[in-house]
Every structure is written in structure tokens, then in C-alpha cells.
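Sharing a structure with you now.
Letters A, B, C and D name the chains as they come in the text, with residue numbers starting at 1 for each one.
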Amino acid sequence: MIDRSNRLSFASDYLEGAHPAVLRRLQETNLLQTAGYGLDEFSEAAREKIRAACHAPEADVFFLAGGTQTNAVMIKAMLRPWQGVMAAETGHISCHEAGAIEADGHKVFTLPQENGKLSADAVKACIDAYRQDENRDHMVAPGLVYLSFPTEYGTLYSRSELEAISAVCRASGIPLYLDGARLAYALACPENDVTLPDIARLCDAFYIGGTKCGALFGEAAVIPRHDAVPHLFTLIKQHGALLAKGRITGVQFDTLFTDGLYDEIGHTAVSAADRIRAALTAKGIELCFGSPTNQIFLLLTRAEAARLQEKVALSFWENPDENHTILRLATSWATTDAQVERLLEIL
Amino acid sequence: MIDRSNRLSFASDYLEGAHPAVLRRLQETNLLQTAGYGLDEFSEAAREKIRAACHAPEADVFFLAGGTQTNAVMIKAMLRPWQGVMAAETGHISCHEAGAIEADGHKVFTLPQENGKLSADAVKACIDAYRQDENRDHMVAPGLVYLSFPTEYGTLYSRSELEAISAVCRASGIPLYLDGARLAYALACPENDVTLPDIARLCDAFYIGGTKCGALFGEAAVIPRHDAVPHLFTLIKQHGALLAKGRITGVQFDTLFTDGLYDEIGHTAVSAADRIRAALTAKGIELCFGSPTNQIFLLLTRAEAARLQEKVALSFWENPDENHTILRLATSWATTDAQVERLLEIL
Amino acid sequence: MIDRSNRLSFASDYLEGAHPAVLRRLQETNLLQTAGYGLDEFSEAAREKIRAACHAPEADVFFLAGGTQTNAVMIKAMLRPWQGVMAAETGHISCHEAGAIEADGHKVFTLPQENGKLSADAVKACIDAYRQDENRDHMVAPGLVYLSFPTEYGTLYSRSELEAISAVCRASGIPLYLDGARLAYALACPENDVTLPDIARLCDAFYIGGTKCGALFGEAAVIPRHDAVPHLFTLIKQHGALLAKGRITGVQFDTLFTDGLYDEIGHTAVSAADRIRAALTAKGIELCFGSPTNQIFLLLTRAEAARLQEKVALSFWENPDENHTILRLATSWATTDAQVERLLEIL
Amino acid sequence: MIDRSNRLSFASDYLEGAHPAVLRRLQETNLLQTAGYGLDEFSEAAREKIRAACHAPEADVFFLAGGTQTNAVMIKAMLRPWQGVMAAETGHISCHEAGAIEADGHKVFTLPQENGKLSADAVKACIDAYRQDENRDHMVAPGLVYLSFPTEYGTLYSRSELEAISAVCRASGIPLYLDGARLAYALACPENDVTLPDIARLCDAFYIGGTKCGALFGEAAVIPRHDAVPHLFTLIKQHGALLAKGRITGVQFDTLFTDGLYDEIGHTAVSAADRIRAALTAKGIELCFGSPTNQIFLLLTRAEAARLQEKVALSFWENPDENHTILRLATSWATTDAQVERLLEIL
């Protein structure tokens, strides 16, 4: 029943279970009795720690099971029926969530991107085009901006880029939502200059990823201004995203936000990725998209790709032309020095 | 952070985390690397054990995070846009899932019930009324039957009752779906004569509850006939119900269906409930609805109810009249002999 | 191609085309060129006349093609995703609109009724039950009241009944919506004491029926307070309910609200119905529900019903028991004295 | 109330009411009594004539009020929840129907186009990309092709182009749907080689436009193979698209398909457009997109555009650059020789 293949794997950042500290805490608290639906003390403690980490003492915080679910609930909650959400054409909601946004009745405006990133100009252009169109009353209104941070290509917005997008949004009265599925791997990145308080200041809602950042599963949706998204508890329930044993996510996020564990998780993954990046670059392998986070995209000939995958499991990303392949390599909180060493030897 | 109140609680069957064996297995397998999205070996092993337990070797089995979500996805998958689902007026989908079925576009036909149970006659009457109505093309068509087993009142269908409902469904070409959120507590009940193979034989889809029956969270949706519900993987993803680390539910259900743990969990809860029921009856306290499973409904005067709740936490259920209150008492896999003894002393 | 049967028909109030004055005006204006989508002068003139008739100078007025469509668009526009609409269990949206409300994501709370009418008490009870329920955050919130006037049984709310319902709504912050598919036949009724200005004063939105009251088709949705329902133009378009040639409904409603035609249409139908009611009562035929408007419900034995239907086409309504049948007889703007005379002879 | 401006207008093809023959027939049949909901003899006669014109004796034919509504209902009826519809990025459903398709839960795949037309290659590429994607189970499946004929740019598919697209669809098991809002103006076009029987042979569903082709309003949805789209009557009702007085559309389409009126309407518009095109070309004005139908797109400098619009009303289409404007000129069944002469003088 257990995968006994010895093949090294960097195929994704959700290959293992939870960070041992998280699992240990679940174990310790397992037989304590608590209220359900997130009304327990662990969830409340986790909320307080997240509010503190975000410098957002009034924030509403909800715990959900996964990223697609969190995106769907939050976007539905923040849009009205005549509105749609703007996202990069490579955004997760645009292509890899099986039409969850449309299933809830909303159009995704797919905007041009560079290395997975939207620009303030592209957002402004979309809003302006709508507002200047004589036929706009026959069209879906842009009603929300969706960003991922890091992006699907592992890239980061700088603080000034995020401020520019936020400024466009606020000038237009359009909220900004940030998908932080891999947020730990952004925050821990040496070249990153965006902090959790920056995100809480610049966004109207965002989520702090747990599933890919040390939890068994779970995401923490944060709305910095209390009640800015009304009736969210009921919408979460309606979407089937309310856990009966909310304590399970509560305990996990409480642990992730105790003693700097969320930071540590990020640093483990990013420093492993940095060592691997250095080795790949030294070998002359071209890295795509400029990701500084825990995902690395290798441009290889098909033959090189096939040879490499015999020895280490990576993810197929795309074929940019007939002769080349882009593979994705991901580190995580679970990546060990030994694994990195083995990989460097293979390389 | 920990609930240090000494008050005994029988308020629900999701007060604790997971059965220790489940948590232990999560611990043991934690650092093994597996594929995501339920394609891992643990999930596959769990599927095989569930197929075996159901005598349904061709069954499709999917793991989802919670009950409301599972109901919503399965009902959406089994209905066409012109159809609605029949349920008891007390059914969970009728009143306590925040309109999840309607949010997906479908009407819930609320049928009369007795102690939470539908009858084959009530189902047939609803279908006949539609089919004989001259204006039926202007109306929603009954397209699915939803049952809960045990019901929201803890009651059970007998095998012959379930066969009668299934016969009506099949004669009408309408599928039957069973919500088994507390299934372990039905199967373990001495007076129950319905087995998992019976359910797989009589229903077109059902789910085996994990959240309330020993798992941290998670439900196993079973479709006895392979591919009877097409494209379900994508619908699960679209609904945000696909776990990236599907292994987490796989490991849990694999454990629950190893060495009779799911049965044992049921017996622990039901035998505790039986001892409590006997004591309550001996005390002359009226029990409502006739539940033989892990839920007990006590009819008390308001004063009695207040006094009892000072010493033991129960759930408020409803006020049948101005002087009385019905409280719900629930046991679970986690109920200990010591807790039962303490309760009996209080009584 | 033309129905040459000589059988007299009172089967419904939409057997003919349009009132001749309406058709004449369509003819006269046919080749004038106008803007589309209701931005034309005829639509604007009709809006002004409706505002005047309602004593609601700031009202928003939109023209839609039919009643089910108007109900669906208005109810969707007035609810948020966590809310549902309260209606009589016999309300048109509850049973005869093919699940249009649920298809848009909302639950219909079916409230008890008497002769098709809701009471202020029943509305208050539904709202109170929700607001007092400890689990209300897991439930759909009542968010709108739907009334039909006249009801599906042809009955009328008195002004004081409507005021009582409106008072409950306003005290609860819940808007009131009135379906006036047959409004002309209420307003013209001698026993009616509710005026268009009353409706505009007491409701947050309503529609003035055209399809059954003299137009080829079309309904006028009225929102007494300007912009109380935002972005309605776009929602109408999104629902496919925006006519390219909005002038067609504009011309029709302009005509209906010129020189008292809408009143005249109502009086023609109601006075014919009154003559028929008197004759039926004189014959000892029992009339059901107490409808004083253009619909009459006859309680007959099955044999009597069959004999009557040989000579005059009526609508089957329901079978109250094994021996009896209720038939519906409807008059309209098109009912002639000759038709009434022929019917009285048959009787 | 009547537009008394003398300014000539070619702003759209829905400036007037109905073709006089249509209105006359409504007049003649106005007081005949018929059944509702399209079950009348006029609707049935119209269906028979449409079946004959399409060489599709088994076709299902439904009459709806407008184009956005027809598209929404048909696309919803032909897709399953995990599927989306492919359309040109300029397709009416992609941008000018206020998100109607997404509001019903479906993604619109916007494909590249040339002069408003999709190619068989683009359709095949979209289907292949999906089917070859390893992650396709996480993605929306292409489930329908939407074409407009003529396109939004007035252009036409040749028979061989339509056959190629249809062949791709059939090889993939994906139905083809054609939006014929302006179908009369395609069929009457000298360079067109596609007939109604071709459309019925190559498409799985389509609609014959009435609103822009001589009717007051109304479109005829045609499903060549009986019952290929099940329960459509109920879906039409659910969408609020079922007219109570279905006769109104029945009479109109019966008239349009009697004595070649639909053809005549097309020829009137196209021959007027051809004369105007010739004059514009002679004047050296550049025409865009190559439309041979009733719509003409003029590329003008902004100064030229402003001067022209003082004398004749045209529609603003778009600004291709800072100095130029594209205006749209449309003829219709109502365009007279005198209007064309006046326009030619102005030019």
C-alpha cells in the first residue's frame, strides 16, 4: 500500500501529509471536546494569531478545506449577479478549477499577463473599456480583481506593483482578492518585499494557504475589515465548505501561526529551491518565468526531460515547441537536505 | 485554549477529533510521498475495502470533505435542470444546508414524514401527482429521492421499507440516494436489518459518513454501478470538493474499513446509547421519535431541561409546546464508560 | 388553421390576441423608427403614464415579455445568495413556473394560505422562526415576500390586509413584491379597496400585467423608489428578458394607460364574471374560494362537469374528492355580451 | 411622442415594428380563440412550414421571444454541468449578452476568429487541447459549438466551411448550434451558398431570427432530430421564455414562411445594402470585414464620421485607432428605395 519506489520526487508541494508539529498538535488535542463549525477555542486562537500577524485586529477569519472552494465562495460572496472577476489568463480560476466560478454564475475576464502576473495597467484597461463602452449595460461589469501570490508560475508581485493594482481597484470601487495558496513560499523569499500586513492593507480579502504550506488541508480566508463580506458563514455552509469539526483547521492554523512555524516552512522550501536553482543554472539549464519561490520551471529538450524523469519525478508543465518541454520542480516544507543532495548528484 | 470546563458533554457526535487508530495511521504514513487528488494508493486501498464491504466490486468511490458538500455534489450530478429532489420535510437538505440544493438550481420537494422517515407511498404519491398533472410540463419533475439513514431523528428504515422505496424508484426510473452521515450508528444497531450490501443493491448512490463516525473529516460517496454518474471527478472539482491531498481521506477510510473498525465505532456509540436509554426510561423520562441509534431525544419540562443542562451539555432540539423542551443527547465512538457512568449518576 | 369549432370557451383569459385599441396603435406606429431596448419615446411615455397612475413620480419602470420571466428577474434582483422568497404554497412561483426561482439559486418558502392568500401573521411567523432559530446561520434567510394580486384563486387582499403584510415586511427590513398578472381584474372589482397608488406605497416592487389584461404580451415592472433595485437593466438583459424592439411593449402599455383603457378592460371582464356568478348561484352551483374577480371556480359532480364541458370549454382545476371536480371559468377584456348570453342559456 | 426628426436612420435593423403582412395577419386572427403556450393551430402551422423549408420533417420547433433568451435556453439545454460552449471571441454570447451563459453556470471558450468567423481548425484545436491535456479532469470540457450566421460582422460561412466545422463536431461527438438572428439576410445574399436544409443537416440546433427579420419579435428554435434536446418545453418555461399567447409568435412565423415572405424580406435588405455598398466603394470609402449582408461597416476618419452622422444616423462600432472610427450601417425589410436614394444623395 505504501509507495516503495525509490524514485526521488519533486513533482509537487503536496506529496506528503502535514508538518510534524501540526500532526502532533492534532494528536495532543484529539480527545478534547469542542463546539463545532469553527466556534471552538482553537479556531478562535488561530484567528487571533492571524489577526496579529496581519496587523488587522478587526479582521474576519474563516477556515475552509481547500483552495478551489475558498476561491469559489469568496468570489461568489464578493460579486453581484451582474458582475464578473478579472484574472490573469493563467490564473487558477481561469483554467484549472473546472469552471467553478462560472458554475456560480459569474464570468471570468481573462486579462493578459506576464509570467503569471497582472499589471495595474491591464486591470485599469479592462475597467476603463467597460466603463467607456456605450453598450456596457448589455455587458458583464468587472466587479473584482483576482490575483495569486505567488502566481501559478511561482512569480511575485513587488510591494509597489501590488500597491499600484490596489490603487486602481480603490479608485474604481472594485475590491481586490488575493489567492495565497502558496503564500508561505512568497513571504519567505529573499527577494520578496510584501508582508502579511501589506496584503491585509492592500486587499479586501485574501486567503492564507495551508494545504500546500504544512497543513493536512485547509485555508484561512481573511477579510481585513469586519463584515465587509456579509453573511459569509452562511455562504460557506451553502457551498458545503463549513467543516463540522472546525477545530481541525483551527488546531492546524493555530500551530502554523505559533512560534514562527509558517515562516519556517516557507524558508525550508525556498532555501532548498535556491540551492537547486543555483545548481541548475551552473549546469546551464534554462529556467523559465523567473520564479524565485518554491517552484522551478526547467526548459529542456525532450530527450533531456525524459532522461531526467527516469531518475526524479517532476511535473510536466507544457511543450513550448516541438523539441522542448518545460518541467516543474517543487520543493516544500517537507523537502530534506538529503533529497536536495540526491537531486544535485543526479544533475 | 483548551476547554477546561468539567461539564460532561453529550451535545453532539463531533465533539472530539478522530478515532485514535485513524490518527495513528495518519501519523505513520505522514511522510510518504503520494500522488494528489485521490489517485494515491491509500485512497485506492480504501476504495477496494469499501467495494468489498458493499459487495459492489464495480463501484465508483469518491472521498469528499463533508456531508453538505457530498449531498450537493451528488444531487447536482444526478439531476437534470428540469428536475428536483424529493426529501422528508425534516431532511437535512430541506432545512439545514443553507439552501445548497437550490443554490445549484434545484427544487427540494418536501414530503411528509414520520419520525424523520419517508414512506414508499409518499414517494409514489409525489411522482404520480406530477405524472398525472395536466400541467406537468410547467412544473419541476421529481428526479431523485433523498433519504437519510439514520434519519435526522435517529430512526431507521427497515430492509423491507427500503426495498419498497427502491421498488417505487426503479418502477419510475428515478434514482435513489442515501445520506449516511451517521451510517456506522445504523449498521451497529441491534434492531437494524439493513446491511451495506443491501444499501448498495437498493440505492443508486449513497455516502458512508466519516466525519461523525471516527474520521477527522471526510465522507465516501459510493456509486454501485460504475459510471452511472458520469464526469463526477470534474463535478467534485468544480464544487471545490476535491482534496489536493486526497490521501488524507484515503488513509482515514482505509483505516475505518480495516479490521472492523467502522463496526466497532458503531457498536461503542450504540451500546452506550442503549445503556443511557434504559436508564432514562427507568427514570420515567419520555424519549421521542423512537430512535434506536446514537441519538436520544428527551422530552422534558423546561425546568427539568434547565436543571439537566447545568450538569451535562446536551443540544436544544425544539420546543414542542410552551412548557416542554426536547433535548438531544448523542453518543459517539469517543464515548467512554466513565462518561456514561457519570451521566447515569447525574440522572 | 383557424379554430372553427363553435364551442363557446371560457377556458382562460388569454384566448385572444390584444385589445383592438392596442393592435390599432401598433399598426399606426409601425413604421416609425425608434431606438431599441426600451429607450424609445413610446416606452418613455408609457413609463410616465404608469408613474402618474401609481402616484410614484420617481418610479423605475421596465417592460418584460411575460410573467414567469418578470417574477424570476425581479426576485433574483431583490435577493442575495443566502436568501429565499416567501410565497403562498399555491403561489405561482411555488408550483407553476417550472422551478424558475430555484434555477436562479433561491429557495421558495411555501407558507400556509387561505383561498390563495398569505396573512401578515404567517409572514411574521416565518421571519420570526428564522430569526429565533439558534441554527439560523445554517439556514436560508427569508429575504422577500411574494404576493399575487389577485391570487391564483382569484381572491383579493383588502387594503388593510396588504398594509398589515407591508408593515411586517418593513419592520423586518424585508421587501415586498407583488405579482399583478391579472391586476386589471382586481382594480376593477367592486369589492376591491386597493388602488395602484396603494400598491406603489406598500410594495417595494410589483408588476402590472399586460399579457392577460389586453396586451399581445408584456408586463410592466414597477420599482416605486428609483434605483431601489440596482443594475436591473443588465439583469433583465442577462435573463434574456430585454426586448430589442422595446417599443412594442412601450406602445402597448402607453395605450393601456391612455383614456382609462386598463380600467375599462378590467370592468368588462369583472362585470361579465359578476353576471355569470349570479346565474351560477341562482342555479345552486357552488362556487369555490370566494373569487370576486374574473376567475370563477365551479364545484361540480364529475357527471355535471362532463356535461357542461361538452357545451362550453372551461379549465380543469382539481379534483377535491372522488366524485367532484372543480372547473375554472375565466372572463377577460374580450368577453362579449353575446358570449355571456350563450353561456347563461347553456346553464 | 413620435420621432419627428427628419434625420435619415440606418442605425439598426430593428428600428421599425413588423413587416405589414405580419401585422395584418395578427389583426385578422386577433379575436379567434386559441390554446396557449404554443399549442395553438397557428403555431402548429408555422412549425409545419418551417419543417418543410428545412427539409426536416421530424424537427422540433419552439418559438421564443428574443435572441439572448433563445441562446441561453438552448445552450443550457445542450450542455451538461461540466461543459462549456466554444464561440468566437466576437460572438454575441461572448460579450453582448450580459453574461447570460455564465449566469446559467457555463463557461464560454472564446476562440480566435477572422471577420467574426470561427474556423474548423480553431474548433478542433480547442477540443484537441482539452482532450490531450493531462489535467483535463480539472478543466471545463468543450461541449458545444456556437456560431452566428451571419456573424456579428455580417460575414457568412460558406457551405464548405460549415461542413468542415460540422464534421469536426460530429467526429468529436460535440453538437453544433447556430444563431440565426439575421438569418434572412444571409439566405438572401447572392454570394451565399448555404440553404436552410443545409443548416438543418449540419447543425444539431439553430434558430431562425424573427425580431430582426420582419416580426414584431420572436425567434424559432429548430432541433432537426426530434427529441435530441429533451424536456425543452419545461426548460423554456423555467427560463421564463414560454409565451402564454404562443399564437402571437405562431401567427408571425406562419406569415413569414408563407408565400416566400422570409426570402423577400432578406432580398429587400440585401439589395438595398448592395446598392449602398456600391456607392460607398465608388466614393472610395473603405468597408471593413467584407460583409455581404445587410450590415455595412464604414472606416472613416473621425471628422468624416461626425459629418456623416449629422445627416444620417448610423451606429458607432469601434475606434480602430486614434484617428478613425468604424460606423455600422444596417438595412432591413423596412428599408425603402426612397431612403436609399436619400442616403446616396448625402454621400
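The criterion applied here is as follows: a contact is a pair of C-beta atoms (placed from the backbone, for glycine too) under 8 Å apart; a residue touches a chain by one contact, two chains touch by 3 or more.
If you're wondering where the values come from, they're calculated on a predicted model, not measured in any experiment.
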Neighbouring chains common to chain A and chain D, by label: B, C
When chain A is superposed on chain B by its C-alpha atoms, the rotation angle in degrees, nearest 5: 180
Centroid-based (C-alpha) most distant chain relative to chain D: B
Distance between the centres, which are taken as Cα means, of chain B and chain A, whole angstrom: 33
Centroid distance [mean C-alpha coordinates] between chain C and chain B, Å: 43
Cα-centroid distance, chain A relative to chain C, in whole angstrom: 51
Residue list for chain A, restricted to those that touch at least two other chains: 81-82, 97-99, 103, 105, 137-139, 234-235, 237-238, 242
Residues of chain C defined as touching chain A within the complex: 37, 76-77, 80-82, 105, 137-139, 141, 230-231, 233-235, 237-238, 242
In the complex, chain A residues that touch chain D: 81-82, 84, 95-99, 102-108, 134-135, 137-140, 316
Touching residues (chain side chain C, partner chain D) in the complex: 1-3, 9, 12, 14-18, 20, 23, 26-27, 29-34, 36, 40-42, 45, 65-73, 97-100, 103, 211-212, 216-217, 234-235, 237-245, 247-248, 254, 334
